[in-house]
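Both of the next two complexes hold subunit A, though its partner changes from subunit B to subunit C.
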Partner chain A sequence: MIRYIARRLLMIIPVLIGVTFIVFSLTYISPGDPARMILPQDATDADIAHMRHLMGLDESFLMQYVHFLFGFKSPSEDSSFSYKGLLALDLGRSYVSNRPVFKTILERFPNTALLSLFALVLSVLLSIPAGIISATHQYSPSDMVVSVLSLLGLSMPAFWLGMILIWIFSVKLRIFPSLANPNNLKSLVLPVITLATMNTAVQARMTRSSMLEIIRQDYIRTARAKGLDEKKVIRKHALNNALIPVVTVIGLQVGQLLVGAVLTETVFSYPGIGTIMVDAIQRKDTPQILASVVFVAIVFALVNLVVDIVYAFIDPRIKAQYEGMTKGK
Partner chain B sequence: MEQQMTSANLPVSGISTDRKRKSAFQEFWRRFRKNKLAVAGLAVVVLYILMAIFADLFYSYDFITQNQISNAFAKPLTRAEVDDGNTTVQHLYILGADNFGRDILGRIIHGARVSMVIGFTTIAFACIVGSALGAIAGYYGGKIESVIMRGTDILLAIPNILFALAIVAALGPSFQNLLLAIGITSIPAFVRLMRASVLTVKNQEFVEAARALGARDFRIIVRHIMPNCMAPIIVQATLGIAQSILSATSLSFLGLGIQPPSPEWGNMLSDARSYISYAPHTLLFPGLAIMTVILAYNLIGDGLRDALDPKLKR
Partner chain C sequence: MDELLLSIRELTTQYITEDSVVHAVNGISLELKTGGSVGLVGESGAGKTTTAYSIMGLLPKLTGKITGGSIIFQGKDLTKIPEDEMRKIRGNQISMIFQDPMTSLNPILTVGDQIAEVLEIHGTATKEEAIAKAGDMLEMVGIPRERMHEYPHQFSGGMKQRVIIAIALACNPKLLIADEPTTALDVTIQAQVLRMIKELKAKLNTSLILISHNLGVVAQVCENVAIMYAGRIVEYGPLRQVFEAPMHPYTEGLLNSIPRIELDKTRLSPIRGMMPDPSVVPPGCIFRPRCPYAEQECAVRAPRITEKSGRNVMCLMHEGIIANKMRVDHA
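Now for the complex of A and B:
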């Protein structure tokens, strides 16, 4: 088990390097010169060249990437051009607000995490029972309802669903506010539903198909044949095995939640990392965009790491693979 | 193989393989047709494709991009005068008008063109590049495989829309960059699927036979291995188109995709957002358009999966 976890931890290193490299390269090739953006319109070419030097933009691509990771000490007196690098969670200041970019991100990230967490809990609570009922009562009316709803949920753009919910519940019925903020639980209802819908649909479909596959296995027939009652067969024998792929999907969905949050937050003007990103992109605030994208990507990678480790505890096959020591590779 | 047989003057076996291929398709079609929902999905997609091709016959592009401020927010099924260049004509707004008085149905129909083009081109690109990389990785193994697969892992480690968002943010919002962003983010799924299927096929006897006959690697991969790996790729391509259209509308909604005044479902919704309480019809119809087309592709994808994969036969 420890070997598996260690291996999984090691595997994340190249992934993180790759992710940071890609995001950095994207900013590097992006047209538009950050030095020109900070300077006034009438700056001369010499001013711009000087500013590029102060910002470290005149160095080679690889050097700039090293700065990006490990920090950059500007030759300028003005310390705002220096930063300690991604490893120290410091990528300089926003061009717009002049605040350290990670300060804004770390302030707002808990809001996104809260929204995503609620959505995750809601989707798990709804989807797994729905999927199980759907599979154990295949072709019944309740199976049809679950199947149709999950297909609709899968096909609905989250941002559209959010706006429709606003129209129904904020404009027409006046039950929930249309703007959300983390201090008002009531205002979170609509964004949480919006965010949870897609995941609920995906997970319900996954639970259903995985359960359907399992209940046709021989050992389930054996369990039934020996006279166990149906509830026990499902709960004790089928469920554990059926849930293994579902856990993976839920893990992948956590990442999707973080991304879905970008759209949901925009619709409900919710102060999370999604709105930071969209604002930053609209204002061409490069350090803020870079930091937010890298941050979300890293959180996503870490979440997947945790899921994989949890997975090892649930799935005895992984345990066996590493404890049996018979694996060739 | 088939070609060699015909060249060796064996017309009988030539015909029999031909008939066999036909009946394989018929068998597939027979199974696909049984799934009524999938057939309905196919019908909807065909309808959207026709709409996209013949968009100009219904509404001229100039008309649906031109502001008719006096008719702003016209309700569905209202008749109003529109300025047609130099004369004013009566026009029926079937689904109403948006905040600039532009015909919503017309914009949805022209928007179908944008979405269909995005869906097909991005997935065609991702499918070709991804399948090629996956086939190479699976067939050759070793160092090439680890390089390709680690690259794929890294691409997969960045959530889809986030990556597309980063590409568009870096390169600026434009149609080409949107295609590029969505195309690239769609590649990894194809690489993984193709590699996995190639691994199961490459050691089978007919591949060894081809190799024994002296066929070159390229020919073996393209003629003998790939055709046997197409089922999951076709399913993924169908679902991928749905995903791609959804991503494109999402990015446009955020103002990072197709720029106004071009009609696109996502940016129509982005305009509608400011008028939810005032003109809900501007919100409703573009969203329904997106939903039906995504639903249709998902239904086709499910149907294809059932029809192509004998293991999952009901």
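Now for the complex of A and C:
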């Protein structure tokens, strides 16, 4: 098992190389010149060219990518354009705030994590019971309610829902503030609901369909034939089996929560990774964009590794498979 | 020893859906003594499994419904008792073995847990006792008790079926229903599993209903045989007599469909045609469209059960309504 985890950790490396290359290329080809944005409006072309040289932007694409990975030493005495490269977890300073980009991310990430965690807990607490009730009472009124609500939840984009919630609860009813910040739990209510809605809907549908499939399995009939009551059949025999695909979806959604936070955080002006990314993209703050995306990619890869490990604890067949994989080869 | 354990009277079970009513079991009657054994034989769709589910109370909740008759088990009518009382009988006094061992065990629980569970729910043992007993049960079906901590995927098909047998017999049930217990297994394992069922049945004095489409399987284990066709028992009697001298044309057809080494035949004679659509019940004899002896009368007059020398048969030929043209004479 430990060898499997080690293998999976190593497999994150090629994923990250791919992600960084794509993100780097996209930032490279996107229009806008950071040098021109940093300098005052009346800067001459010579000033801009000199600035580009200091920032290392006059080099070839490949050279710049190498710098990005292994570091860059700026020819200027001002060290703010130098950095040690991604491998040393240093992508330099933000062109805008002149602060080390990873420092800003690490400061803000707990805010995003907090929001995502609340949203995740809320969605799991709502969706799994809803999915189970829906599946075990198929075609009943409660099933209909869950199905309709989850369809609604799926069809509402986060930015729209966020604005509607603000309009109702902040503008009209004045119950919750429209600006969210991590030190005020009450202000988190609306963004958490916004973030959790789509996930709750997806997970509820997933739980329902997975559960419906499992309760038709032969071993559920065996469990009933033992004389177990229906509640125990569901809890002990059906639920764990049905949760296997749900865990996959939840894992993917943790990633989505982090990304979905971009929209939600923007709507509620919440100081998280999402707002960092949006600001950085708007200002063509290349180091900050690269650092944020790489960071989110690492978190996403780790979360999915955790999901795969969780499988092994739910399903002994998968555990055996993992162990066979590392023993056999 | 000779007391009646199970008595099914005119059992009728239907599957009711929005657009049709499937007449799966149509008024069958069957008796089983303590320690006795009966084989239910018939094609797919004859209502064998539905009969078993009716006894177990495991019919699909939304569609399956017992619409008539009674199932008297130890003096109680199983069709009338409430679900929680039925639950105490299920797995405890009546157990069932299912067709496909590959999918009948929960993949994420150890086999030991799955055996112990049935003992725990019926309150026959505490948790520790149940686990110890689960080990005993495994040994009884020929699996080393150390393997109780393993998961179903670590067992072969034959061993899984033994585990299922261990679950079914753990509470020492009065009645065991085995639904095609060997169909999914290969032939050598089939013989082992059948021998085991037979031995354990004798050892524990369990009564047995063995469901199979395979007459050979039933022949190895059962004293009596009931031939089912389209939800009816068309012939019932002691196994040997039924096999040697079938009274119903359908039984005769079934026997003719078995390859037999002692007969110098190059071709088997299968029963022509298909079983009728169970959602449409035609008048007259249900087997008439496929019966080689059918006459005009068979299309209008439904046969009733005729008792003849300790055997039951449902055919107009034996009611004396039409002439008996079968090769073997039973007079």
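Note that the second predicted complex is superposed on the first by the 297 of 329 C-alpha atoms of A that agree within 3 Å, B and C clash if a C-alpha of one lies under 4 Å from a C-alpha of the other, contacts with A are read in each partner's own complex, and residues count from 1 in each chain.
Note that in this section a residue touches a chain if its C-beta (ideal position, glycine included) is under 8 Å from a C-beta of that chain, and two chains touch if they have at least 3 such contacts.
Remember, it's a predicted structure, so these values are computed and weren't measured experimentally.
**Student:** Which partner chains sit in contact with A:160 here, subunit B, subunit C, both or neither? Use first/second/both/neither.
**Tutor:** So A:160 only meets subunit B here.
**Student:** May I ask you to decide whether A:215 touches subunit B, subunit C, both, or neither, giving the answer as first, second, both or neither?
**Tutor:** neither
**Student:** Could you tell me if A:22 is touching subunit B, subunit C, both of them or neither one (first, second, both, neither)?
**Tutor:** First partner only, subunit B.
**Student:** May I ask you to decide whether A:315 touches subunit B, subunit C, both, or neither, giving the answer as first, second, both or neither?
**Tutor:** Touch partner of A:315: subunit C, not subunit B.
**Student:** Between subunit B (first) and subunit C (second), which does A:225 come into contact with in this model arrangement: first, second, both, or neither?
**Tutor:** second
**Student:** For A:276, using the defined touch cut-off, is the partner it touches subunit B, subunit C, both, or neither? Pick first, second, both or neither.
**Tutor:** In the superposition, A:276 contacts neither subunit B nor subunit C.
**Student:** Applying the document's contact rule, which stretches of subunit A touch subunit B when the two form their complex?
**Tutor:** 14-15, 18-19, 22-23, 26-27, 29-32, 151-152, 154-160, 163-164, 166-167, 171, 178, 255-256, 258-259, 262-263, 266-267, 277-278, 281-282, 289, 293, 296-297, 300-301, 304
**Student:** Inside the complex, what are the residues of subunit A that reach subunit C?
**Tutor:** Residues 138-139, 217-219, 221-229, 232, 236-237, 240-241, 314-317, 320 of subunit A touch subunit C in their complex.
**Student:** Along subunit B, where are the residues that touch subunit A in the complex?
**Tutor:** Contact set of subunit B toward subunit A: 150-151, 153-155, 157-163, 165-172, 242, 246, 249-250, 253-256, 266, 269, 272-273, 276-277, 280, 283-284, 286-287, 290-292, 294-295, 298-299.
**Student:** In the complex formed with subunit A, which residues of subunit C make contact?
**Tutor:** 56, 58, 62, 84, 87-92, 95-96, 98, 100, 103-109, 117-118, 121-122, 151, 153-154, 164, 167
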